[in-house]
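Just passing along the structure, written as structure tokens.
Chain nomenclature is as follows: A, B, C, D, E and F, assigned in order of appearance, with residue numbering initiated at 1 for each chain independently.
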Amino acid sequence: MPYVNIRIAGSLSREQKQKIAAEITDTLERVAGKPASYTYIAFDELPEENWAIAGQLLDED
Amino acid sequence: MPYVNIRIAGSLSREQKQKIAAEITDTLERVAGKPASYTYIAFDELPEENWAIAGQLLDED
Amino acid sequence: MPYVNIRIAGSLSREQKQKIAAEITDTLERVAGKPASYTYIAFDELPEENWAIAGQLLDED
Amino acid sequence: MPYVNIRIAGSLSREQKQKIAAEITDTLERVAGKPASYTYIAFDELPEENWAIAGQLLDED
Amino acid sequence: MPYVNIRIAGSLSREQKQKIAAEITDTLERVAGKPASYTYIAFDELPEENWAIAGQLLDED
Amino acid sequence: MPYVNIRIAGSLSREQKQKIAAEITDTLERVAGKPASYTYIAFDELPEENWAIAGQLLDED
């Protein structure tokens, strides 16, 4: 541990995922003392049709 | 918040997702006083091969 | 299935949970044809200190 | 219940999923007295690009 | 990875958790070739009032 | 969205949670263009008895 799950609608580039993973792992090590080698980060990229805010799917216009 | 995650085996049509999202958002506002604009709903549609009940994958016959 | 996970900051009364569970189960049966007996609903009530929006914990004033 | 979510990077064959589901369902029945018919198991197979350990995406070389 | 999340209503004894964790880790190593040292297992024990099946909270009589 | 779930064994101080939430929200805004006001972060602090690595509960000695 820790296990971090990042869920977004839409997609991220590989470069964005790499940078986000590196920064969050660093945050958890620096702030909470969690060794980097124990930090798992899993990204879930959902279709916009599969995410709703305020009762509206995000692919609506 | 709230964050609601709906996980099913198989798929839903866009119309079903829209209706489910609208009704759940309404339920949470009416019953629990959660403002609609704060409610996130995320749908995960899993292949039937990825869901088991009673130790059997759902794509079995 | 379906499996529905409802995550909120703060708490709900037993009556609210019962009503929410009944309504969501009904929604999934009526809209998506999911038999009520297969629908699991799990509530997670998090301390406000454990939920952040816009980078601020919800117990902040 | 129980609801078990197995998340991996990469993929599993159908035969692996079937065997894992059968064994875990058996474990929960034998060790914890949970009737097999109530046990749901959901597999999430993530692209290696979507999983990081130690701040590195798993598809890196 | 893998990351396994086991969610139940009610509680498990420490001995049950230990045995379940050992067996699932063994299953994933033997069946899917996942090294034991990479397998994380997280147990969530929910109050029965926080779990519904068929629209009824599990603490109902 | 995004929705970020941070799961650890043991606990974090309020100050650690606040700092982690602020940094991750900033990372997602700066790297991925996600407006801070849409980012939800939920922390789950599990008892060490409820987390296993390599088939051993973390409270073992």
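Assume a contact is a pair of C-beta atoms (placed from the backbone, for glycine too) under 8 Å apart; a residue touches a chain by one contact, two chains touch by 3 or more.
Since we're looking at a predicted model, the values are computed, not measured.
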item: Minimum number of chain-to-chain touching steps separating chain B from chain E; value: 2
item: Intercentroid distance (Cα basis), chain F paired with chain B, Å; value: 23
item: Centre distance in Å when chain D and chain F are each reduced to the mean of their C-alpha atoms; value: 21
item: Geometric centre distance via CA averages, chain F-chain A, whole Å; value: 11
item: Touching two or more other chains - residues of chain B; value: 1, 3, 7, 9, 40, 42, 44, 51, 53
item: Contact graph of the chains (line, ring, star, complete, other); value: other
item: Interchain contacts, given as pairs of chains that touch; value: A-B, A-D, A-E, A-F, B-C, B-D, B-F, C-D, C-E, C-F, D-E, E-F
item: Complex contacts: residues of chain C adjacent to chain D; value: 1, 3, 40, 42
item: For the chain F and chain A complex, residues of the former touching the latter; value: 1-9, 12, 16, 19-20, 23-24, 27-28, 31-32, 34, 51, 53, 58
item: Chain A residues within the chain B interface of the complex; value: 7, 9, 44, 46, 49-57, 60
item: Chain B residues touching chain A - in the complex, by the definition given at the top; value: 14, 17-18, 21-22, 25-26, 36-37, 39-45
